[in-house]
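Read through the structures below before going on.
In the two assemblies presented below, chain A is common to both, partnered first by chain B and then by chain C.
For the complex of A and B:
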């Protein structure tokens, strides 16, 4: 029992105590309890009733809105994340060329991301792309194109305008790319220049491979974040029109807190958890094919 | 010579393109700002114009009156209360836990560290329903507690950030302090804390922005106008079922962004470094 007399034992647990309590109360207990709830029928007013795999069965065989929400979310993720990363990378490469005023430019490109999370900016986006908003007004005065739809409420453009809102906020990814670009040794680029490699070839042969771990990181974070999209849709479209923007978490929220189907909501949350794990694992697995990790010690 | 001037022209064109696109990027924000000075009936006439034909300052007065008999001052106070307490809680609990993980070799430390890294990846959605039930049991619905108390357990991302930072501080410092008879708690408070101020600032800044902007938790837990945070208030003012005074709404939107902009101006370096080095989502 000598380890009980180890003073580091008490000091260590004293320091992690607030976090440890939080781990049990706000993470461990909820995660197991929601797993249990996912096998029940529960409406918070009466006690949970065990129904086995019933919720999961209903989701995949008898709930078109669930399928719709999964499709909408996947479409959102697989369009917005690559677009956002492309813009981030492109602008990062340009800013890395040390143009005049590049630190002000960096702030300008980052500002939408800084403010984009706020309800104020989401509401503004809805007005910008509304029927009489600035976007249509610009189209008319610059190009003489008369558009009389609201991009947010038209079923064919609603999801697109939410994707645009997400792509607009490429600032964080851009900053991460910029930091990555600074790590690339200038001597490598110079050597390629001396060898007469044109700019695009230097980009594809040197910059991209050396940047691939950073691209990989941004991709994983983007996918995970994309699956959890909520506020934008909830505030701008409420999931409509005709469920065209019914993001997974919006449907989860409605099911659980508007219709009080908390057992079903828990099952949905677990499917989300598994989907995120699965996709992350897939990206990790595939990473050995395209992510270039520099091996140490062979210059 | 010819190639040199070609290159200069190329750089010049590129500069213009990059600047032009930057203006496109911030145009929506400028539009929001300018619309806050337009009379509601003017907002959608020549909507794209950035300079109002007539400055209508009353938007700020009308907007500040709020709704349901509560002025915007109340919503700002609610948001500030929640945000400041959340920041304090996160900083205290995260630095404490990070110190233990970075510097104390106690039995179980690597196990708990692994647990923490796992919660980093966990989508919070899976925790919401049981947490809601818990807070419901405690009779905390429509109070600020569900928004504040979890922060006092720290945040996995911040603990990770702080651990990384502390690992960069030479371990010899701990040893010489111990030889001088300096205890763990004393060392933490008097020597470690001052050295990790940059990481603490980064933590506080990000927690501030995230909590100030948060919409999900207030939507879930707060259901009366007098408890509304700024996010909820702005959303309520934009309710499509009511007639909205857009000028006033944009005025309050601009005010709601002021704290975030102020933090950005004051701590830009910490924000940029925080994102660049750890991938914190800004």
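For the complex of A and C:
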């Protein structure tokens, strides 16, 4: 029991006390309460009723909208994440070349991300790509094409326009790539140049492998963020038209707060957590095949 | 070393204490500020929530609150407005966390549910002691808030669904303004005439409200009496309803659906922008102020096409209820009575939240009513004469069914599935919600 008398311990805990209280009261308690709720039928106004695995069973056997929302979200993640990363990487490589004004351009490209998550930008996106939006009038004045669809609310383009919104917010991934590019020793590139390797070969053989830890990081963050996508869909499309943009979390919200099936919504949240964990684990597993750590290579 | 660590602990505790003290003093400052306003009587603050689909709604509500605070200086009202579907979500969260405001503005469809869950205070004692004055008021106007023999809410004003129309555009198209018992055939001809004569669209697509009125005019309803299944047997009603719209859509008589889906608030949308001659949408009669303000001209009011003899109905725009958890129910009762029955409040509102029904208020308003209000009043008495009683409040599964309707309606109108397939899908999925998930 000597540790009890150790003032170090008290000092440490005293300092992190506010954070600890926050963790227990506002994070851990709700998380485990929702685990409990996921095994109940709970309509918010009455007390929860234990139904065992009923919610989980219903989800996988008897709910077409659950399946639809899972499909929409997977499609969104698998298309938007690679697109955004390649876009971010491309711009980062361009900015890494020592061009005049590249620092101004850098801040410029980061702007959309700064404003990114805000509701105002999402609403603006809706107006740009609306029926009478700037995009359609641009098409008309530049190419003389008269387009009379709303990219946001037409079922064939709705998901695409939300993916475009996510690609447009490439700034933070770009900055991380840029930092990674700066780390690559110029000597390696120069050596390859001397040996006569063309630019594309230098990029594929040297830059990409040395950048792979950064790509890995961005990929993991992108996947996790992609599964949690909510506000864009909620504000622009509300999950419509006819569930074409019904993201998982939108359906979760609808079920919990609009249809008052809080138990079912909680179960959905846990399934989402498991799915994200599983996919992240897969990416980590695969990393030994393609992620190259410089220190290991040298060591 | 030891000493330095103890200093660290003390510093940490001190920091927390200082921060907490600062927070508390901020709190105090707030209380002092409000207390200094009236030194004699303690100020009572009531919270209220209300639904607002436009800035005009907020302004109108704020004006009534100002009048009330003038009349009762010791009561202060803190009002919070929430727009769109989020209103119901917020109320339910407040209810679950026992933090409902003193005065809750609550829709007909939710009234019974909240009352049955014991969240609201019965108003009967205040009606008996005349804090809430219902003398001479016909009970039918407050029947929607009568649950198990007790009165749980006070109707703010009466409403009806309405199809607005642009008088000038109809004249230009040489179309006679619609009257009661307006038929689908006449409506279709009129849409076509508008398109041909003016080049504008006839109307927006029909909504779930139209479908429900159409069912009512055929003597059935969306839900059966027990609310554990759909209330109509014959899917031809659904098929006919959508086949018509597809025909008009192909002829270009209706605004493009994807444009309608962009509509975000009441000021928005094809009708207030002058793009259509008819404004069906799912407008309620009290929204006339917003539309006339946008169009800058008077609009006409007509019942839905195909509404027949039973379709239309009168609905309370909203009820005011008092939360069971309220610490100042008497003051809340004063407020909700003021809102509905005070002549100054009624003059300021000018029937914005529906037409008043208290005979004393109506009498007092006669001189100040504008043409618009007279038109609404005339329209409502026509609906009262031609229509029938409102359907019972929706079952618990109501929001899910509404979502389902919207989704399948879009699927049909974007021509992804046929009306027949849509009818079957709606019946199957709606029945599943109603059978399993209603209680």
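Criterion: the second predicted complex is superposed on the first by the 295 of 299 C-alpha atoms of A that agree within 3 Å, B and C clash if a C-alpha of one lies under 4 Å from a C-alpha of the other, contacts with A are read in each partner's own complex, and residues count from 1 in each chain.
Following the convention adopted for this analysis, contacts are C-beta pairs under 8 Å (C-beta built on N, C-alpha and C of every residue); 3 or more make two chains touch, one makes a residue touch a chain.
Here the structure is a predicted model, which means the values were calculated and not measured.
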Fit-or-clash call for chain B and chain C when the two complexes are aligned on chain A: clash
Chain B versus chain C as contact partner of A:94, first or second or both or neither: first
First, second, both or neither for A:67, with chain B first and chain C second: neither
Which of chain B and chain C A:44 touches, first, second, both or neither: both
Touching partner for A:204 - first (chain B), second (chain C), both, neither: neither
Touched partner set for A:278, first chain B, second chain C, both or neither: neither
Which partner, chain B or chain C, touches more chain A residues: B
Partner chain(s) touched by A:53 [first = chain B, second = chain C, both, neither]: neither
Which superposed partner A:257 touches (first chain B, second chain C, both, neither): both
Touched partner set for A:11, first chain B, second chain C, both or neither: both
First (chain B), second (chain C), both or neither touched by A:148: second
Clashing chain B stretch [against chain C; choices 8-16, 26-34 or 62-70]: 62-70
Overlap of chain C and chain B interfaces on chain A (superposed complexes): 8, 11, 15, 17-18, 44, 126, 130, 132, 257
Chain A residues within the chain B interface of the complex: 3, 6, 8-9, 11-13, 15-23, 25-27, 29-31, 33-34, 37, 44, 91, 94-95, 97, 99-101, 105-115, 117-121, 123-128, 130, 132-138, 141, 168, 171-172, 175-176, 178-179, 217-218, 221, 224-225, 227-228, 230-231, 234-235, 249, 252, 256-257, 262, 265-266, 269-270, 272-273, 276-277, 280
List of chain A residues in touch with chain C within their complex: 7-8, 10-11, 14-15, 17-18, 43-46, 64, 126, 130-132, 148-150, 152-155, 240-243, 254, 257-261
For the chain B and chain A complex, residues of the former touching the latter: 11, 14-15, 18-19, 21-23, 25-26, 28-29, 31-32, 35, 43-44, 46-48, 92-94, 96-97, 99-101, 104-109, 112, 115-116, 119, 121-134, 136, 150, 152-154, 159, 184-185, 188, 209-210, 212-213, 215-216, 219-220, 230-232, 234-235, 238, 246, 249-250, 252-254, 256-257, 260-261, 264, 268, 271-272, 275-277, 279-282
Residues on chain C engaged by chain A in the complex (per definition of touch): 2, 5-6, 8-9, 12-13, 16, 85, 88-89, 92-93, 95-96, 113, 117, 119, 256-259, 261-262, 396-397, 399-400, 403, 406-408, 410-411, 414, 416, 429, 437
